[in-house]
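Look at the two complexes coming up: subunit A is in both, with subunit B in one and subunit C in the other.
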Partner chain A sequence: MLKLLSPANREVLFMGNEAIARGALEAGVNVASGYPGTPSSEIIESLATVGKERNLYVEWSTNEKVALEVAAAASFAGLRSLCAMKQNGVNVASDFLLHLASSGTRGGIVLVTCEDPGALSSVNEGDSRYFARMLEIPLLEPANFQEAKDLTRWAFELSEEIRNIVVLRSVTRMSHASGNVICGKLPVKFRKAHFVYDGSIMDPLRGHVISTPVVAKHSLQQGKLKRATVLFENSPFNDYSGPKKPELLLITSSACFLYSREAIDMLNLQKRTGILKMDCTWPLPPKLLKKHLNSTDKIMIVEEVLPFLEENLKTLAAGMGKEIGIKTFYGKMDGTLPSVGELNPDVVAAALAKIMKVKHKSLPAAYTKELQKAAALIPARELTFCPGCPHRASFWNIHNAIALDGREGFVCGDIGCYAMGALFPATGYHTTPTLHSMGSGTGLASGFAKLAAFGFDKPILTVCGDSTFYHAVIPALINAQHNRADITFIVLDNSGTAMTGFQPHPGLTVSAMGELVPSVDIAGICKAIGANVAISDPFDLDGTCKILNSFVADKGSLNVLIMRQICALSPEKKGKKIFDVKVNEALCLGESCGCNRLCTRIFRCPALIWDRSKKKAVVDEVICAGCGVCYSICPQKAIIRTEAEKK
Partner chain B sequence: MKVRLSKDSMNVIITGVGGQGNVLASRVLAGMLVNAGYYVTIGETFGMSQRGGSVMSHVRISQKAIRSPQMPLGSADIIIALEPVEALRVLIKYGNPDVAVLSNSRVVYPIGVITGELNYPSLTEIQNVLQKTTAKNWLLDATEDAVKLGNPVLSNIIMIGALSATDLLPIDRRSFEKEIAKNMTADKLRINMLAFDAGAKLI
Partner chain C sequence: MVSKAGKPSSQEILKKNVLNADLCTGCGACVNLCPYQVIYHDRTVQLHRCDLDDGKCRAFCPRWEIDLDLLRSSLCDSADLTPEIGAVKDYYLSRATDPKLREIAQHGGTVTALMELALTEGVIDSAIVSAGNHQQEQRGFKAIDKVSLQKNAGSKFTVSPIVAAFNQIAAENSGNVGVVATPCQALALAKMRLKPLQDDAGHIDKLKIVIGLFCGWTLAQEKFQALLLLNNINPATITGMDIPVGKKALVIKTGSGEKIISFDHVESCIREACRYCLDSTAEFADISVGSARFGNEWEEMRGWNQMIVRTARGSKLVDLALHRGILEVRKAPDGILKELKEAAAEKKRTALENIVKKSGSVKNLLYLNNSDPLVKKFMVKIKR
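Here is the complex of A and B:
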């Protein structure tokens, strides 16, 4: 039996994202949608595995905005729905979210945003909690794995109680961490969809679901938020532990609660400090906070990433000044805690130790000295493309085409593993000076290409992955064609949403729930836009280079090259070598070759290493994925490839 | 097999290079301990960080409560490394005089070493560091045994087998089999049991 469907009262180890999925199942969720993004992807993935058993419709949508629209339709029809995304997905969905928050909802609907303090797998560390305040909707933040489940379940009830969408926010250290969870009951009855729109315009359950008349609906929306505040005042999810009159009160949310508790333990401050764990972080319940602010004069706010809780708390405290007196606040705004990056128990403990004037026990000095000596021996391990990764070959081709053209062309980068094309030292050939949000490579390229009139005459290239193409690139590509932006657009098509774990996308014939669905052809779309379209295998360096050279040289048209090769980590390819590869030592001239170690210094495949005693290249067969591309780059033809036996 | 933890909580770090099966190893170990009635907290990252970079899972085992998914510096009780320089990388942050280290001896060179810009320490240098900074240590060629079994990625399970034989944690062959049998075909189960046994023999 699947762990996600464990019977009530069973204690299991759930990843935070699985706990959120289980909470949604216990709430009787009917529809779940999302777009993959670390650290959120496992919520939709795990719900998809139980879709049939739980009478649930699950989809990977083309982007987060569409995903939220799909989930909202279910809510309008009285069903319960969940929509999951990473932090920057909320930006994408935000236009619809604003209008949804104004129109109100019917069946319980929860937007789950999983955020990435410290940007462990992101190119930003955005804090989307501010959307809850700006758009006037309630915000919940679970502080452990059990709560990730229980709070999700309650979020659906809250949404139905106030008839508006509720945001549940998680972070990497919650979503991708795991812990014990005791399961609750799964419902036995499933809802039926009914969409009713025959009532008055202000009737939340029978009227048209629209945001007009705007001012009247806005007032209705603010009433819902007030109702949420009342519920938050007595919610068991906000919880205090510690002495009655703590010298210092820590107010904290999410994973920072676990860091704070650990920090107090590290310094043995259990009798002097207390923790108010706030799961309901917008709007803050004023009566509850007044009670706790009255218990002490010193307060430290521990949160990630921006001082959201701190700002809101200070605003409340200012309004209560007469009743609670003047307090000292420690947090991000006064520099007690760092204003960027993720926190951890040591960072919180250091701040606590300073405020409480205590010392943390440290390791023996002689031992620390030994560790410092060892540190000098450790080489950095930078991120790079995997052995057999098509992107290493793709960027090799792109770099060579730009170099041959000689006009200092460059690539506008985009979001996916291929973002590493912009990172040093992932490869020894750098092509990509810009990297922003999904689809913006093509928009930027479209803009750069129009700068020729200002004396900027360089070939402009841009890349995107297959999933990114559907997500946000199409409008920018149409823009390039319509406005005659002369760019070479390259799709790095590796047959799936690879970085987040091979979720299907519209280019494939399978849905999130494993059903057969029509695929939408990238080449067909590009042709319909009016582009010249070619397809190549990036492992075929000669063939790909010929096309790229002609595209980069061409003026006056939009050129699209689809480089198609499956990701080396994909389940269908992993562990299957196309070639057995080795270096013929007799042919490798080593340092006297004249190539200046092109293979190991520039190409940088983790499997192609340099034997320092023999001064020759050598293939590590344990790591080699057998793509055979290095065979094509060796000027001496010293790298031998033979077709691998099919396993 | 040990029946109790020697302290509360026990802090284990499993480390390696992206793609070596770090996440699976931490899940299997944690699953065994949850079955034995402990609170287990795992902290890990995946996604971009897995692409050729260093990866690390924190596994915290307690009789009392869930812990922070990131453990404090200097507080590791056991470090299991699928790659030797990664053992040192974790050791210099989380090590203390009582730590036990089990490390695979098979090297995966970082890009900076391949290009010639950085140096990789010799196994003797690594061994010397371990001798000076750990209470117990084992440097094992798990990859060699894994290749013999037909798949280098089995070195993660071989290291779990080795860990069980050290008696540092309340885990054994039966608890391993019970945990992995949940999600595996008979064929895969057999090869994983062979890997576990091969690991136990290395201690």
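Here is the complex of A and C:
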């Protein structure tokens, strides 16, 4: 039986994201949508696996805004729906979210945002909790794995209670760590969809679902938020543990609760400090906080990433200053804790030790010394393209085309594994000086191309992945064509949303739930926009470079090259070598003039190793994916490829 | 890029002092030795960064560390040396005896006749000549017989990376090689002859004959192609080009007749590097050949070449050609050699002036040495 469908009362080891999915199932969720993004993807993925059993509709949408719209439609029809995304996905969805929050919702709807403090797999560490405050909707933050499930289930109830969307926020260490969770009941009845719109415009359950009349609806929305505050005052999810009158009160949320508890244990401060774990972080319940603020004069706020809780708490404290007196706050705003990057128990303990004037027992000096010695031996794990990755070959082609053109052209980067085109030392050839949000590479390229009038005469290229193409590139591409922006637009088509784990996208014929669906053709879209379109295999270096050379030199038109080659890690390709590759040591020139380690110094495929003692290149057969591209780049033809036996 | 030893890499030296200084002649001496340098159109492109400080790429560059005095004294007979046009053993007006050959050639067909002879007599196994494509883009072409040689006869106005082809063909071990070279290319090959690399594997010994071409300048391919398109000339239809004496224009012969572009426009396409070249007669070739274009007797002379025999190797081939009767020679009219020398000296002075203008100092002559006696001779009138 699927773990996600475990019976009630069973204790199961769930990844945080699975716990969230289970919570939604226990709430009787009917529709789940999202766009893949680490660390959020497993929520939709796990729900998709039980779609049939739980009578669920699950989809990977083209982007987060569309995903939220799909989920909202279910809510309008009285169903329960969940929409999952990573932190910057909320930015994409935010325009609709503003209006949705204003129109209100019907069936319970929860927006789950899984965020990435420290940007472990992002190019930002955005803190989207501010959207809850800005758009006036409730925010919940689970602080352990059990809560990840329970709070999700309750979020649906809260949403139906106030008839508005609720945001549930997780972080990498919550979503991707695992813990034991006691399962609750799965509902046996499923809802039917009914969309009613024959009532008064102000009737949340029968009127038109719109944000007008704006002022009246806005007032209604704020009333909902007040109702949430009342519920938060008595919510068991906000919990205090510690002495009645702590010397220092830690107020914390999410994974930081676990860090704080560990830090207190590390310093043996259980009797001197208390922790107020806040799961309901917006709007803050004033009575509850007044009670706890009155218990001490010193308060430390522990949270990731920005001082969201801290700001809101200070605002609240200022309003009740007469009753609670003047407090000393420690947190990010005074520099006690960093307001960038991830926290961990050590960081919290160090800050705590300073405030409480206790010794933070660091490791014994001798141990630290040994540790440093050992650390030097740890091989550097560079961010790089995998062996067999089409992007390594694609950027080789792109780099060469730019170099041959000689006008110092460059690539506007975009989001996907190919973002590493902007990073050293993924390859020894760099082409990509800009990298922002999904689709922004094409928009930036469109803008750069219009700077020719200001004397900026460089060829402008941009790349995007296949999934990114559907997500946010199309408007920018239309913009480029319509405004005569002379760019070379490259789709790095590896047939899937590869970076986040091969979730399907509109270019494929299988949906999240494994059903056959029509694919939407990228080349067809580009042609319809009016672009010149060519398709190449990036592993064909000569052929691809030839097309790129002509596109880069061409002036006055929008040229699109779709470089098509499946990701080396894709399920249909992984472990299947096209070629067996080895090095003929007698021919390998190594470091001498005539080669100077082109394959290991510039091409830098991880499967090519530099044998320091022999001074020759070697193929690591274990990780070599057998793409055979290195054969094409070796000036000596010392790299030999032979067709691999089909397994 | 800095090498491991902390010195600037060979590639960086070339980039800074040759490529970025607009001195690159596109000869190809740094190409086909490694994957880092390639020719694209007629530009030398450094494709990827190399950090070696003793790379072959800079060893033979004709625009880096040129010691003219040493080259002349080592490679030429000192008795033959003239300051203006290098070594002169013999000087003739010449033409191919075969009228068909003259017809396809630019002038007298001397170069094609000599190379044909070298091939048929087994002096060489292949001849590297310039072959153009429909974009006026030239590449070194390996001709192994009369047919392929004749197919590529005639002047090219854009540069060809001939030395790149030599690097490749010499490494193929396909026998002895003859090269038709411009002055810069002949200079690169002379550097190879003077001081071959230790691991050269005898490549340079395969070079049996260099026939140099008189050269005043070449056109930058991309600029020239743009100019052709601007004048509604499809480069693919061009069958020949010429600059008739006394006319300030480039005559372009196409399938649909002749088209004329004013030289004012053509001038803007001249490769910048050519402005810093001292050599108009390919002084380091074995035999140098040019048109016999003299103001008064142009019509009579246009079917002839001037030919300078420079080395023993050159003499041997020319003597054989005369013996076999494939070349006709005649005594040059009075004053022609003097005229040639004066023109060559003028080119040297102008180039040195341009070099000083570029470097900003008479002490810094870029790729030349200011203590070189030959350089000094032509520097006399040039002031800071």
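One rule holds for everything that comes next: the second predicted complex is superposed on the first by the 640 of 647 C-alpha atoms of A that agree within 3 Å, B and C clash if a C-alpha of one lies under 4 Å from a C-alpha of the other, contacts with A are read in each partner's own complex, and residues count from 1 in each chain.
Just so it is clear, a residue touches a chain if its C-beta (ideal position, glycine included) is under 8 Å from a C-beta of that chain, and two chains touch if they have at least 3 such contacts.
Just so it is clear, the model here is predicted, and its values are computed rather than measured.
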Partner chain in contact with A:66 - subunit B first, subunit C second, else both or neither: neither
Comparison of subunit B and subunit C by subunit A residues contacted: B
Partner chain in contact with A:38 - subunit B first, subunit C second, else both or neither: first
First (subunit B), second (subunit C), both or neither touched by A:428: both
Contacts of A:633 with subunit B and subunit C, given as first, second, both or neither: second
Contacts of A:178 with subunit B and subunit C, given as first, second, both or neither: first
Which of subunit B and subunit C A:420 touches, first, second, both or neither: first
Footprint overlap on subunit A, comparing subunit B with subunit C: 428
Complex contacts: residues of subunit A adjacent to subunit B: 3, 11-13, 38-39, 120-122, 144-146, 172-174, 176-180, 255, 258-259, 261-262, 266, 344-346, 349, 362-364, 367, 370-375, 377-386, 417, 419-420, 425-426, 428, 499-500, 569, 575, 597, 600-601, 604, 606, 608-610, 620, 622-623
Footprint of subunit C on subunit A - complex, ascending: 399-400, 403-406, 428-429, 549, 591, 593-596, 598, 602, 633, 635
Complex contacts: residues of subunit C adjacent to subunit A: 33-36, 38, 40, 43, 45-52, 54-57
Complex contacts: residues of subunit B adjacent to subunit A: 17-19, 27, 30-31, 34, 39-49, 51-54, 66-74, 85-86, 88-89, 91-92, 95-97, 106, 108-116, 118-121, 125-126, 129, 132-133, 143, 147, 151-152, 182
